[in-house]
Amino acid sequence: MSPKIKEKQKPLLEVVNLKKYYPIKKGIISKTVGHVKAVDGISFSVYPGETMGLVGESGCGKSTTGRSIVRLDDPTDGDVIFQNKNLANLSKNEMRKLRTDLQIIFQDPYSSLNPRKRIGDLLAEPLRAHKLAEGEEIERKVNNILEIVGLTKYHKSRYPHEFSGGQRQRIGIARALILNPKLIICDEPVSALDVSIQAQVLNLLKDLQKEFNLTYVFIAHGLGAVKYISDRITVMYLGKIVEIAPTEEIFNQPRHPYTKILLSAYPVPNPHMRNREQIVVEGDVPSPANPPKGCAFHTRCPFAQPICREKTPPLDGENHQVACHFPLT
Amino acid sequence: MFQYIIRRILIAIPVLFGVTVFTFFVINMAPGNPVDMYVNPSATPQQIALAKEQLGLNDPLWVQYGHWLGQLFQGNLGFSYSTREPVTSMLIERLGPTLLLMGTSLIVAYLIAIPLGILSATRQYSWIDYLTTGFSFLGVSIPHFFLGLGAIYIFASKLELLPTGGMNTLGGTTGFGDTFFHMILPVLVLATGIAGNMVRYVRSSMIDVLGKDYLRTARAKGLRNFIVTNKHALRNALIPIITIIGMDIPLLIGGAVVTEQVFQWPGLGQLTIQSIGSRDYSALMALNLIAAIAVLVSNLLTDVVYSIVDPRIKYE
Amino acid sequence: MANLLDVNNLQTVFRTDKGEVTSVDEVSFSLKEGETLGIVGESGCGKSVTSLSIMRLLGKGGRVKHGSVKFKDRELTNLSEQEMRNIRGNDISMIFQEPMTSLNPLLTIGNQLMEGIRLHLKLSKKQAKLYAIDMLKKVGIPRAEAIINEYPHALSGGMRQRVMIAMALSCKPNLILADEPTTALDVTIQAQILKLMKKLKNELNTAIILITHDLGVVAEMADKVIVMYAGQVVEEADVYTLFDSPKHPYTKGLIKSIPHLDNDSSERLDSIPGTVPTLQHMPKGCRFHTRCPFATERCINEKPDLLQLKENESHSVRCFLYDSEQLDKDVREEVNS
């Protein structure tokens, strides 16, 4: 368990056996003949003040997980328990209230910012919608939040298109932050940004976490960023969790072959290491509409045994959980 | 694919049913009725009442509709209230001229519009482009009756080069040459409008495709510009155009009401106007039914053609 | 050995509504046969425009205004369009970033692959098809005989990028311009493609210009690196020198701002403040001075030249910090001429 998590602390967010299936329809009467299992029964907990990194390749279900947690997508099955409340059982009104505590920021903030509204109005909007402030209070809060994310109050009268990618992401962060949330789902917040700008935004997220005691679920495919910001990391493959462990352990002693391969595939910005031992797996990620039987990774796993083709390995372990019949040591 | 077509046809049946119900009741809501329109002004009220009774016009609307629908299922579209002719034979008589006129106009329009649209797109912001977009705008915005009357005034009245209307010279030869002669002006008017619209679609679709990554790939292979434009770009650009063509096809059947009227062309469009004037319920119902079928069939055709042309689209 | 490619003082401009903007300026570099040159920089730094300038595929409104591009002793900027077409896809070919959009969706893989083969190698349709199948096998595509009749949408991103590579290699070019070839791919697929590119490059001795924003990819692949900022080359060195002792403040900032897998995550990341200037509002003097922690009065007013370092002649930097004390006057004149 990471140092930030105290013994016997209650999780802020619990995801229990979450499933999100999309039906595949066929035939004259559009009969459902199968499902794309975007997220297929995953469970994990996030503790107050920590950052849970969620990594995996495209199609592994990491973004769907994030969207299901904040109920942008309705899960097919399973529970999301936030602050001891099961989100599935909440009324619309209760959910609305809870939303101020549960925010999400996206990869491309531009598409989530109304292009015809000024930044000042965009930031005031959530405050008005949730009736959290009025009149001058709004003005003060907006000015304050702009300063916190590294912009100035003079930016208020500008429109989204007048900002660069990094600045827009700052606006996206400000919009989530202004409601004073407890948990922020960060869905690939730096993937679309230039390297030098990524660092700025990552630093900002880290500073804000310290200052406001925020909890993050940080979704990304770039391992560097995830390592930098996360306390613990969840690795996903084809809609399932293959490994959950504290960041240092994931990087130093990965136990699932997929995690190890993912780490090894990452190009290292050091030319002296170019001839290192590297495991390159052949083949593509199978389609989530038709995932392999048994362990989903067995089709590409260099260590696969007969049992891997038959039985799905459960996610096992205490602090370091792994779903593999033959975990690495 | 086959399943998909069956499903679409099954969906079409209630749609058609709805269309006939709707039109039937709307037509009957219009003031007047067939008897009022065609009876001799000297007829006595008793005679009129008797005529109405005989035609079944005094029955409740839903009974009348049921009667019409029952006849339809037996393949009978009824008799015209005004001419007493079977509606089916009226339609067949009118369909030929309309198909001839509209088919020619569509073909002429596309032959002009597609190359012009491509030229305009590949030379974006050149004088050719400005000229083409200018003319296409005019073509779309000038009303058909105005263009038609203008054309008649110039080519028929002043220059006396072409006939003012009709399909054949009265009492003259009825050969194809004569018909062709009569078609020139209405085709000119109709094609102007269709082409004007089409040029703009082809141009914008082509401009869109010309900016695609795969065209850069094609150029990077060392292909000639001609091949890049006509093999790689054109096919992709024409895909959205299929929709536009699909929307034009119902016009082909429905007839060009205004243009046929202006040029006295004996087609379905003209028949529509006449039938409205005489409150000829059975003819109007049949015309509406044909138009609705045309729309549904061409929609289905559009989708089928899409799946043939574009390998990314598969219906199941 | 003579250079395969010599780019000298290249300037590329684009016509816009607000007048002409310079996208690439004073860019010079050279490449030997079989060598891999990495071009690194952030979006808008002109790295893609540089490669499109070499190919003369700038599109409407773009043109090479100054400078020369010499390929195998031929001046590409002076060639006729016909001569240039004989070079494209034949002597120099390209691989693009988006495998999803770089293939024509309406033509089969075989059709698109055979086009270039038939054009440049003058093969018959039958021969071209066999050749194309052979190329697909070479880039590791399973069931090549079947795939050749497939449309692009039936293939995954990694497979499409393999097709692009097969297409680029089919006429045995001397030079490949690879513009972010793995950026759109997943990490494990990226590793596959990079491995494939390394292997084929060694087999065919093709020179590669690898354009990327990912310093990791450069470190894995390149022999030599140029770093571009705001349309200019700010540093040039062999790959080891560049990562071991970067000189330009921008290069240093870039290397420090990537979160490494092996550094401590409790450390703060170094970041470069501010944003890349736009083409319309290029700063006077050194283009990096608005973001540079070492900027002086001189940087604001004077334009630095790309100068060779005295201690290592293959290492050049566009920065006043390494100016007077480290450089010979003679060298400077030579570079400027």
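To keep things simple, chains are lettered A, B and C as they appear, and every chain counts its residues starting from 1.
Please note the rule applied: a residue touches a chain if its C-beta (ideal position, glycine included) is under 8 Å from a C-beta of that chain, and two chains touch if they have at least 3 such contacts.
Per UniProt, the chains are A = Dipeptide ABC transporter ATP-binding protein; B = ABC transporter permease subunit; C = ATP-binding cassette domain-containing protein.
Everything numeric here is computed off the predicted structure, so don't read it as measured data.
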{"item": "Leading chain pair when contacts are tallied as C-beta pairs", "value": "A-C"}
{"item": "Identity of the chain that, by mean CA position, is farthest from subunit A", "value": "B"}
{"item": "Approximate Å spacing (C-alpha centroids) for the pair subunit B, subunit C", "value": "54"}
{"item": "Averaged-CA centre spacing for the pair subunit B and subunit A, given as whole angstrom", "value": "54"}
{"item": "Geometric centre distance via CA averages, subunit C-subunit A, whole Å", "value": "33"}
{"item": "Contact set on subunit A toward subunit C in their complex", "value": "57-58, 164, 166-167, 194-200, 202-203, 206, 221, 223-225, 227-230, 247, 251, 261-274, 278, 280-282, 284-285"}
{"item": "Interface residues, subunit B side, partner subunit C - complex", "value": "124, 212-214, 216-224, 231-232, 235-236, 239, 309-312"}
{"item": "Complex contact set, residues of subunit C against subunit A", "value": "42-43, 156, 158-159, 186-192, 194-195, 213-222, 239-240, 243, 253-255, 257-262, 265, 268-273, 275-276"}
{"item": "Parts of subunit C lying in touch with subunit B, wherever the complex brings them together", "value": "55, 57, 59-60, 85-90, 93-94, 96, 98, 101-107, 112, 115-116, 119-120, 151, 153, 164, 167"}
